[in-house]
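Please find the structures below.
In what follows, chain A forms one complex with chain B and a second complex with chain C.
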Partner chain A sequence: MKNETRNEGWYGRFLHWAGGEEPDGPEGPEDPERQEFLEYLEYIEAHGDMEFGAYRLMRYRERREKGMEGAQPPADRPAERREVRRPARRRRPGALRRQLRLYRGLSVCVIAVLAGIFLLTAAAMPSFGDPEAPAMNEVARRYLEDGVEETGAVNAVAGMILEYRAFDTFGESAVLFAAAGSTLLLLHSPRLRVRTFRGPDALMSLLGRGLLPAILLFGIYVIVNGHLSPGGGFSGGAVLGGGLILASLVLGEERMAQLLSTRRTTRLTVFCLLAYAGMKGYSFFTGANGVGWEIPKGTPGEILSGGLILPLNLCVGVIVACTMYTFYILFLGREE
Partner chain B sequence: MSYNIPFLSIMLTLVSGILVPLIRREGGALRLIRGVQLGVAGLSALLLVRLSGAGASFSYPMGHIPAPWGNELRAGPLEALLALTFSVVMLLSLSGGAEDLRRDVRPDRQGWYCLLMQLLFGALLAMVYTDDLFTGYVFVEIAAVTACIAVAAKESGRSVVAAIRYLIFSCLGSGLVLLGIAMLYCITGQLLFSGLEEAVARLVQSGEYSLPLVVSALLMTLGLSIKSAQFPFHAWLPDAHASATTASSAILSGLVLKGYLVLLLKLILRVFGPALIVSTYIDDLLFLLGLTGMLFASVAALRQEEVKRMIAYSSSAQISYIFLALGLGSEAGWTAACYQILAHAMTKSMIFVGAGEMIRASGGHYWGELRGAARLAPLGGAAFTVGGLSLCGLPLLAGFSAKYCIAAAALDAEWQTAPALFGLAASSVLNAMYYIPAILAIWGRARANEDAPLVWMRGNGEGKCAILLFLAGNLLLGTAFGPVRGLIQQGLSLF
Partner chain C sequence: MLEVLVEQRFYVTAVLLFSVGLAALLLHPNLIKKIIGLNLMDTAVFLFLAAMGYVDGGKAPMVEPGAEAAAYINPVPGGLVLTGIVVAVSTTALFLALTHRLYQKYHSVNLDVILMLARRGTEEE
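Presenting the complex of A and B:
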């Protein structure tokens, strides 16, 4: 059966594939490692925990004692079994199988149609960087031309996301917080006291000790200088978050858990979000009601300029860094 | 004062959600967020009274910089009415589901659950009030993340699988919406609704970029219908709603789906404009989606053996009513769609809360185990009964008024009249076919509780209060048909 499939050419194989059949028979390609792993799982269930490597070594020794190592199982037997089983599977009137066949066919159709539509649309869209494109209108012009004057930030992007459209950015920070909160809700379990910490990795420690301060400092620089140069809270926060992850590898997780526990990162995020909400709430409220009382913008180009943009960048940076670090710690499964 | 209410509602909600991790007292988080929701409900009612009295709507710039450059909120009578209904339903769902919440979610995670629900509520409010397409998208994202976790919070194996499936569908929907927004921005250069409306009108007149315009409209419609579980894209809904805890099911079915529909309504009315929608046959697409959905989802609901799955399929059928009404493409149709949004939010959350009470009392999800459950939890049974009858279209209840509104709107349509009326009638019969046997079954006598007397006031007070208020709200929406419809019409004219 299997050999027949091999011989009928690519079109026949495509038809079989589109019909929901695996190329190597219904059970998939034969995989001795997978088989061994399944046996290993059964073994540790019965006999308690053991490293996979140790298990393999043990099996190897067993086999060698019996003189079986090198002897392959008879080649014809599994093929024979498959030949018996496969027609039975094909005749089974499985709803799932039919659905899968339909699903494959339909998904190919949908993808083809969508790809066609998108290509046509992309061809009809204004070309990239076209000065006459509709997106180059008074909205974008004001951001670039009056941005420095109105926001006090030399970096137009920082001015745009933290002054002109600060509400959207607040929403984005809340998305990050919601994502971190969701992960905490699902994976964090303070009751589990007994944990194994991975100590500092020797090689990482050697390399990282030199790199770590530079990375952390660079992250802080990108955040703090966000209103003056390319960068800002989101990008700097990502660098800082990467630095924190590196720190956890360099210093060891136990040390990091003492320095920056999940509880502490949560609190930091909460305080930063509250600070963001407070500052921007003030500026939304005063702006909408025409109260005046604007925050002084300072001289563009100096470090203390741009009104609220510097503290807002700090808040966003801390939120991003804490979220990244929280993800790392939680998906590692060994938090505090 | 009323000028600042939209801003205050959104910021209060989000800030109170963010504050939750700082609360240490047990149960304090739930109390805080419900208090804020009550406050928001009061503020929205005040705003509704002021705006409908004055017959006005206003824009609220978020910051010192005016609208096309900065963000903007917008509030009129319809927005205020939606915010009021959403906050009331949110408050009642969380109160009605509080008992189940304490059972289903681990104590140390309830705080996080409350936080995420409050962020979800803030996102819904922002979707209602926003005047900017991209702000709408940002809050769609918050709603997507938090709604998935609302499903997964129960941590049964089924709910986790359902949450993952929901996450995939939700991301697909968000992705399509984002793609649509990006295309629309490329060809118009605007994100503010009023600016977009002008730019789109100009494009339609000049005939430029007609293909990207239509594709972006289709993508956004498609994305939002995936997210609101309209019929061919409803595969994620039954498991997600059935396996979540009571409060989550009620909120998901009653509110989250509606938030996306409000955004769709804004897109149709305020961005693309009725003329473009009619000329590109998007209204017919919506109509046909709605028509098939209300029949197929109802038939699917008939085959369910589990109470919450049945209710979930029924949700998909009711969402189809909204699509059908939107597809009529007339003023009356949009009014009917808004009415159905309000009525279904009130009714379906009540049914889920009632079903939750009964499941808790009888200890089973399946019809066999639920036989006679209403005698163990009479108020829950009453909520289920009234809700079911309301969806079947019993007069004086919310569902009837909504159906009446849709039927009246369908009478003025062109070719849609007969199919719409047929769909309404057939779907009502199907609704009755699954709700009435269910109602009979839950009030019947089971062997276990043959002589058990009906005890109306047992258990926690907050759940009972929530159900009573739900019943009152349902009756109000059913009987105060004229005033509510008047408010919606006024709101749509000021939209």
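Presenting the complex of A and C:
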């Protein structure tokens, strides 16, 4: 069985693996380890004393030189202990193939059942665009009717995520930072810096240099106007991050690494997270305890309004832009 | 039946997208395609939430003082979709990084091959 399946490429090896190594148990007549141990006993009788591990290594090298199939490097444990220990799992041939078929069948069944349940639910949902739908409850009504007065932001979504639910957004920013940090840990390898940058081609350079200021300016506009118009820290930060990636393509990665290294983006992100936590902690603490040192709300509709929403949007924007850029640099394989 | 499907077309599309994504996630052995399937499922959830927030004739919630709530769409699902997008981006980046590491070790993105090689590796140790 072993010799048949070795020659069939990875799929044959996979099926062979799925079938299990030895069809006859460890006590069976063809237990290769026991066979080898008996051979070892004969060998030391003829050639003098030798450690079993050294003997196995020698046999392995001999088999390798002859190019024999089925050569396996020796295990470092002595055979006596291996004989007592039974392998934890022993599968019959084709067991995993059957399991795979079962898995596929079960998966299709699960998907079909789930899709059926979801479709029935969709049919029973309140009809699309219904103003009386249960989702449009007193929470949404409160945000829309009193939000401008309470938060000072014309954009109800910005007022919601950065004022009523500001700690939720803080957690989101922390998730982004955690993802960037773990990606940095996983992909950080200074050895991959051998690739040379040949410089952008003429079209890329021309278009990039023309578009880059506009993209960066638009990103800043979306962030700064987050409390007045659709947008905010997340969308504007994504635009800024795209701009930074384009800058890296146009200016070359060495130049960008000098301007904005991974270390610097990480520091910026941490600083913005701490600033966010400090500002929101201040406003929740003073608001909850009636201290009274509130941030002035300003006139709704003006750029300096909405209390802390503008600086919070700036923080979120910087975090998102830095994270996007870090992801790009890391997957490029050359940070620092 | 058909009327319901047409009327609830956004929910139905979301269900179909979700099923396709789940199928790719469960049945494809290629890790990159599994991640694409996961992203499809994310997108389906975003579509579902965004469709749930819509109100007939509603405008984007840039509230003018003194306006009625019924004139705007529901802002709550918008915030939820925002959260979802951020988490989707983060998990996608993390999964891709893990896949990259697996590829560096096993020179394959096929999960079956990786499992087989990993099992052989532990046997030969």
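The working rule: the second predicted complex is superposed on the first by the 230 of 336 C-alpha atoms of A that agree within 3 Å, B and C clash if a C-alpha of one lies under 4 Å from a C-alpha of the other, contacts with A are read in each partner's own complex, and residues count from 1 in each chain.
Throughout what follows, contacts are C-beta pairs under 8 Å (C-beta built on N, C-alpha and C of every residue); 3 or more make two chains touch, one makes a residue touch a chain.
Every value quoted in this text rests on a predicted model; they were computed, and no experiment measured them.
A.B. asks: First (chain B), second (chain C), both or neither: which does A:L119 touch?
C.D. replies: second
A.B. asks: Which holds for A:S283: it touches chain B only (first), chain C only (second), both, or neither?
C.D. replies: A:S283: touches chain B, not chain C.
A.B. asks: I'd like to know which partner A:L186 touches here: chain B for first, chain C for second, both or neither.
C.D. replies: It touches chain B and chain C both.
A.B. asks: Between chain B (first) and chain C (second), which, if any, makes contact with A:A178: first, second, both or neither?
C.D. replies: So A:A178 meets both chain B and chain C here.
A.B. asks: In the overlay, answer first, second, both or neither for which of chain B and chain C A:G129 touches.
C.D. replies: A:G129 contacts chain C only, not chain B.
A.B. asks: Once the shared chain is lined up, is A:D168 touching chain B (first), chain C (second), both, or neither of them?
C.D. replies: So A:D168 meets both chain B and chain C here.
A.B. asks: After lining up the shared chain so the two structures overlap, which partner does A:V139 touch, if you call chain B first and chain C second: first, second, both or neither?
C.D. replies: After superposing on A, A:V139 lies in contact with both chain B and chain C.
A.B. asks: Just checking: does A:E150 make contact with chain B only, chain C only, both, or neither of them? Give me first, second, both or neither.
C.D. replies: first
A.B. asks: Can you give me the overlap between the chain B contact set and the chain C contact set on chain A?
C.D. replies: Overlap of chain B and chain C footprints on chain A: residues 118, 125, 133, 135-136, 139-140, 143, 165, 168, 172, 175, 178-179, 182, 186.
A.B. asks: Touching chain B in the complex: which residues of chain A?
C.D. replies: By the definition above, chain A touches chain B via 117-118, 120-121, 124-126, 133-140, 142-143, 150, 163-168, 170-172, 174-175, 177-179, 181-182, 184-186, 189-191, 266-267, 270, 273-274, 277, 280-281, 283-289, 294.
A.B. asks: For chain C, which residues are in contact with chain A within the complex?
C.D. replies: Spelled out, the residues of chain C in touch with chain A are 4-5, 7-12, 14-16, 18-19, 22-23, 26-27, 51-56, 58, 60-65, 67-70, 72, 74-79, 82-83, 85-87, 89-91, 93-94, 96-98, 100-101, 112-113, 116, 119-120, 123-124.
A.B. asks: Residue numbers of chain A touching chain C in their complex, please.
C.D. replies: So the residues of chain A in touch with chain C come to 10, 13-14, 17, 21, 72-73, 104, 107-108, 110-111, 114-115, 118-119, 122-123, 125, 127-131, 133, 135-136, 139-141, 143-145, 147-149, 154-157, 160-161, 165, 168-169, 172, 175-176, 178-180, 182-183, 186-187, 228-230, 234, 300, 320, 327, 330-331.
A.B. asks: Give every residue of chain B touching chain A within the complex, in rising order.
C.D. replies: Answer in residue numbers: 3-4, 7, 11, 14-15, 18-19, 21-22, 60-65, 68-71, 108-109, 112-113, 115-116, 119, 122, 126, 132, 134-135, 138-139, 141-142, 145-146, 148-149, 152-153, 155, 183, 185-190, 195, 199, 209, 211-212, 215.
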